[in-house]
Amino acid sequence: MTANPTGVPARPLSATTAMLDVRGLKKVYEGRGRSVEAVRDLTFTVAAGELVCIVGPSGAGKTTLLRCIAGLLDATAGEVVLEGERVTGPPPGMAVVFQEYGRSLFPWMTVRQNVELPLKEKKVPKDRRRRLVQDSLEAVGLAEAQDAHPWQLSGGMQQRVAIARAVAYEPHLLLMDEPFAAVDAQTRADLEDLVRSLWQRLGVTVLFVTHDIDESVYLGQRVIVLSNSPTVVLEDVPIDLPAERDQLTTRSLPRFAELRSHVYELIQLAKSGHRPA
Amino acid sequence: MTANPTGVPARPLSATTAMLDVRGLKKVYEGRGRSVEAVRDLTFTVAAGELVCIVGPSGAGKTTLLRCIAGLLDATAGEVVLEGERVTGPPPGMAVVFQEYGRSLFPWMTVRQNVELPLKEKKVPKDRRRRLVQDSLEAVGLAEAQDAHPWQLSGGMQQRVAIARAVAYEPHLLLMDEPFAAVDAQTRADLEDLVRSLWQRLGVTVLFVTHDIDESVYLGQRVIVLSNSPTVVLEDVPIDLPAERDQLTTRSLPRFAELRSHVYELIQLAKSGHRPA
Amino acid sequence: MTAATLGRRSPPPAWLLGLAGLAGLVGIVELAPRAGLVDGRYLPPFSAMAAALAEQAATAEFWQSLLETLRGWATGLAIAMVAGVALGLVIGGVPPLRAALNSTIEFLRPIPSVALIPLAVLLFGTDMRSTLLLVVYASFWQVLLQVLYGVRDVDPVARETARSYRFRPLTQVRTVTWPTALPYVMTGFRLGAAVALILEITGELIIGSPGLGRQIAVAQTSGAVASMYALVIVVGLIGVTVNVAARATERRALRWHPSIRRDLAG
Amino acid sequence: GGQSASPEPGSSASGELSPVKVSVIPILDVAPIYLGEQQGFFAAEGLKLEIVTAQGGAAIVPAVVSGQVDVGFSNFTSLILARSKGLPIKVITPGVASTGVAGQDFGGVVVKAGSPIKSAADLAGKRVAVNTLNNINDTTVRASIRAAGGDAKNVTFTELAFPDMLAALDKGNVDAVQVVEPFLATAVKNGDRVVASNYVDTAPSLAIAGYFTSQQTATGKADLIKRFTAAMLKSLRYATDNPDAVRQVLLKYTKIDAGLTGSLTLPTFPTKVDRASLETLAKLARQDGLVTSSPDLTELVP
Amino acid sequence: MNLMNAGRKALLALAVPVLLVAAWWLATAGAASFFWPPLSEILAAFADTWFSARFVTDVLPSLGRLLAGYLGAVVAGVALGTAVGSSRTLRGLLEPVLEFFRAIPSPVLVPILMLFAGIGDGMKILVIVSGCVWPVLLNTVEGVRALDEVLSDTARSYRMRRRSRLVHLVLRGAGPQIAAGARQALSIGIILMVISEMFAASNGLGFTIIQFQRSFAIPQMWSGIILLGLVGIALSMAFRAVEARLLRWYTGLRTAQREG
């Protein structure tokens, strides 16, 4: 982890500090009769401690990409290299917030148990565990629902439990797949700031899939825009906004508006089937 | 159904044309030890052919409200009256897009079968059924995925299947629970226009739950803002934008900006626990 | 304002319905022979069975037999449950193992316990261990198969969650596989319990190890029809009791499961 | 068999009784052993009798062969079958025999009152239930038919447990049933008609079943078996002399209705294994194809 | 590649049986025990016993009854199970009665059945049904109860009629668990085929095995047991082929993210 006294991670300087290296990734889903080339050729690098957003049309293969990086899915071709090692299974110190947040919570456990379980597995001492669980649930605004079961919660609340679980885990690689899709605008803004502060505090590397273009620009140091399926990288947009961001000022910067409309145009291009030469 | 030659439904004139009447609705979830008063007292009316958006903090009870209206859940107190009749079970001619879109698709059926089944139930003749299925799948951009099973699709694609199913059904009451949460910005815009055109074409009454404030203002004739749980109506905001809307011009109207920041403030109020006197 | 739920009458409690059902059965058994639908000499009316039962219940031998039966049954079932669940989780969790053992399991499952009786007797004589062997053999497969199907039911997203947080294999089994399989295991328990009881009785009946089954055999060969049915009623009631217990356990252990949730929600 | 005098109860003079485990079927036939126990004949021989019950040969024969029990009770046809397959067993005492009086035996073939079947010969071409196929009861029924001049080849035997037979007869599922007591008495009480006494028709006083042990036990525990034999013979004799005691003891180990015991026809309890009967049974077994060659009966009954 | 895969699969499937047979062979090779004859003797008896007229006179009728009983049980179990699983009142009313009957052993139940069904093939089929129906019934009940709420709400909100809800939602949704029950019932059916032939029979596979047992034809009896096992394997293979077709969606759903 990059210890950074200023609390502001530096942009990557060279490829040698690459945390994550996706090389020529290709994924074809084989089914009876139906074979889908979801991802054709993805190559990009993420430096340690970077926060990268990924956007792309629905069905572009963002989830597929994340699963490959997480070591949950075997690629058809190409490879994913994490901290110099080829990914063959879930690496240690990684947390994933799944798009299917509802199904990723264990219905037989309470909210607290769900958040606490990975910490137990990580052998975090009891009182620290307690504190982490408490803090993360408070951070997502669910301190009161600790003893409820996931199926007693609304969709947005479930999603926040999944986020709390990932946050409490203190990963150094955090993969989030549309993690704020089910929460209201205000909560969303709060959670965005939560992710940014977590990232700054712990120096965690974050890959963040989202459909909200404003969100991608507000959060990321880079936004990778994917093409339509079969997917390639359409453009890797560096976000040259000041590192210190806040909901009001950052979003009202002219540069913000420029970037967001640029990304929006890219998405429109992607949806209309445009592919890089 | 309001036949309307201009394609633009009129605002409701009096309470006598009320399609839907929610009166003092209260819902308390009783569980072992944990009893949650999700909805305390909701009263509002929706005229026939109206398009009403509902926004509110995560966990406010929007889904609960929709389920009560759909006749899927018994209220603890109060009542829902639909076209003069008290709702005790799902009324005919209603379509619902559930928030848990993934779980609402039949995994043993293909996409086409999923969309077609309710039409078969409605005894729509075969060729018309074919056309409706084809048209609606094309409208959501899934014409190619017809023969896939839902679990072979991405999250956003699944959600669009659920939308296509509701659209093909040609309901006269359409309840949608965050139906565009999992799709990209461009698709979202397209789907918003799809809902509006459907509404104008068929005169269907629409209740639309969303977390996207821009979306609620862009789509609705009214936006009902709910308070924090236990829920009451915080404000019923009439959207006095021209009936003819389009993504570019409408969204750049000054009145649009005013309305959206008004709704946003209301949401912030709601989240901070403010309740009407 | 009236409650919206007013229209719905809550159904009578399950135990009341259950008693009504059993009462109906009693009524049929009482009336059928009286009305001449069956010959009362071969299926006596319920009252005759009840009288015979009362007579039996006054003897120490009856209670001794009941105890023997219950002991043999519980021991056998416990062994079968533990073995079935443990092996089921292992075999189901390791696909190559499953592929390797499939045909063997399918070969062994349909071997009827009655065919094994001489072998059991050869090994253990006519005491309770012979019967125990049959009980375990028969109920083990029921539990095993249920567990295998239960393990298959794990939600892939839940499994991936566990994998991504690098749960150790044992934790994965404990926190993901086991809860998913639990409803199947409960059904396996209920199936196994009845099969174990049946084999316990059959074993006692044929091998002659002590218990209710031997009493039934004696009654049968003596032509004491009412006494025999009285004992059968006892066996049936054991089955009913076990099920009540299983259901009660289920309501606690599966509180989170849709089936129980729906019941509790009303 | 001479009086094996038993003033000193074998080796266990100290009152310490040696256990002997006997596996029997809980039916009328084994009343003498219960009587003998009651009368203390076994204790007098220094034996502590332990009776275990089973439903048939499936459990009894393996138990005896494996030495799990010392003595078993079985019908002679079964034992002939076992011996012919090479099972090392030996008959040590007789058990029951037919009364030898036609119409007044403890087993017989019964038909419904109105049945056209009047004699064993009429059974030809009919459906007859026996409790086990290819065993003593169907071979003796065939013998009975042959004796009456009927065609024994085309009888259809069906296997039914004794307790189920009368119901099947009532329902017309079968035309005749071969039953033993107490079902015979019940049948007569129901008004059914006995058309043949198959045991009597086979041989004058057919030995039907007896007590046996395994070769290994016979040599390894020779003394125990000797004492058992002595006590058993005493019991058989006592049973023959005290029919009322037999009827009484039935109430103890069976659940036969007390009102019925008086009307039961008791079998005889011989004290000598009737070699001639065994030869007859062996011949029938070969004739009906149960065995391919007659076993050496001297090995079975030394 | 595909061929190699198939080869590996076959090897995996055969390894354990081959090992076990070898172990059995070795363990009994020199044995003198009357009840554990050498495997070679059993196999010799197998050919003599079953590759003969007996196949037609005993094995086929048994298999016919088995199939009839099994199918009857599956239909009855699914029908009753759906009804009981969907209605809480019905479940409360019937469950204790069903549990009562479930606990009654066949040696006791069969005589009662004979009172009503006589002693013919009908009775034997009924005996098979009476045993096979339970796993199907219990699993169906539980499967129906465990249906996803959102899915049944979807069906309700589109006002699917009772019939199509049954066909398209309940039966398909409970399918995986019904399959578990039906699979259980298969081997129970074989066992009950044998048991049913212990009563009032004069032919059949089970009858023959019991006859062998009673007449101490031990190698023949063992060969019969082996035949039962083989029947079990054959039927379960057929079952799995059917299951794989009907539950293709389920396999896909459950392994969707696992495979590459």
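When the chains are written out, they are named A, B, C, D and E in that same order, and each has its own residue count from 1.
What we mean here is this: contacts are C-beta pairs under 8 Å (C-beta built on N, C-alpha and C of every residue); 3 or more make two chains touch, one makes a residue touch a chain.
Quick caveat: nothing in here was measured; it's all calculated off a predicted structure.
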{"item": "Identity of the chain that, by mean CA position, is farthest from chain B", "value": "D"}
{"item": "Contact-richer chain pair [A-C vs C-E]", "value": "C-E"}
{"item": "Distance between the centres, which are taken as Cα means, of chain D and chain A, whole angstrom", "value": "84"}
{"item": "Cα-centroid distance, chain C relative to chain E, in whole angstrom", "value": "17"}
{"item": "Whole-Å separation of chain centres (CA-atom averages), chain C against chain D", "value": "38"}
{"item": "Geometric centre distance via CA averages, chain C-chain B, whole Å", "value": "48"}
{"item": "Overlap residues in chain D, where contacts from two or more other chains coincide", "value": "56, 58, 61-62, 65-66, 161, 163, 167"}
{"item": "Chain C residues counted as touching two or more neighbouring chains", "value": "39, 42, 114, 118-119, 122, 155, 157, 160, 205-206, 228, 257, 261"}
{"item": "Shared-contact residues (touching 2 or more other chains) in chain A", "value": "31, 67, 72, 100, 103"}
{"item": "Chain B residues touching chain E - in the complex, by the definition given at the top", "value": "67, 70-72, 89-90, 92, 94-96, 98, 100, 103-104, 106-109, 117-118, 120-121, 149, 151-152, 169"}
{"item": "Residue numbers on chain A that touch chain B, as the complex places them", "value": "29, 31, 33-34, 36, 55-63, 99-100, 102-103, 147-148, 152-157, 160, 178, 181-188, 211-213, 264, 267-268, 271"}
{"item": "Chain E residues touching chain B - in the complex, by the definition given at the top", "value": "148, 150-151, 153-154, 156-161, 164, 168-169, 172-173, 175, 249-250, 252-253, 256"}
{"item": "Chain C to chain E touching residues, read off their complex", "value": "11-22, 24-25, 38-39, 42-43, 96, 99-104, 106-115, 118-119, 122, 141-142, 145-146, 149-150, 152-157, 159-160, 183-184, 186-187, 190-191, 194, 197-199, 201-202, 205-206, 213, 216, 228, 232, 235-240, 242-244, 257-259, 261-263"}
{"item": "Chain E - residues contacting chain D, complex", "value": "34-35, 111, 114-115, 118-120, 198-202, 207, 211, 213-218"}
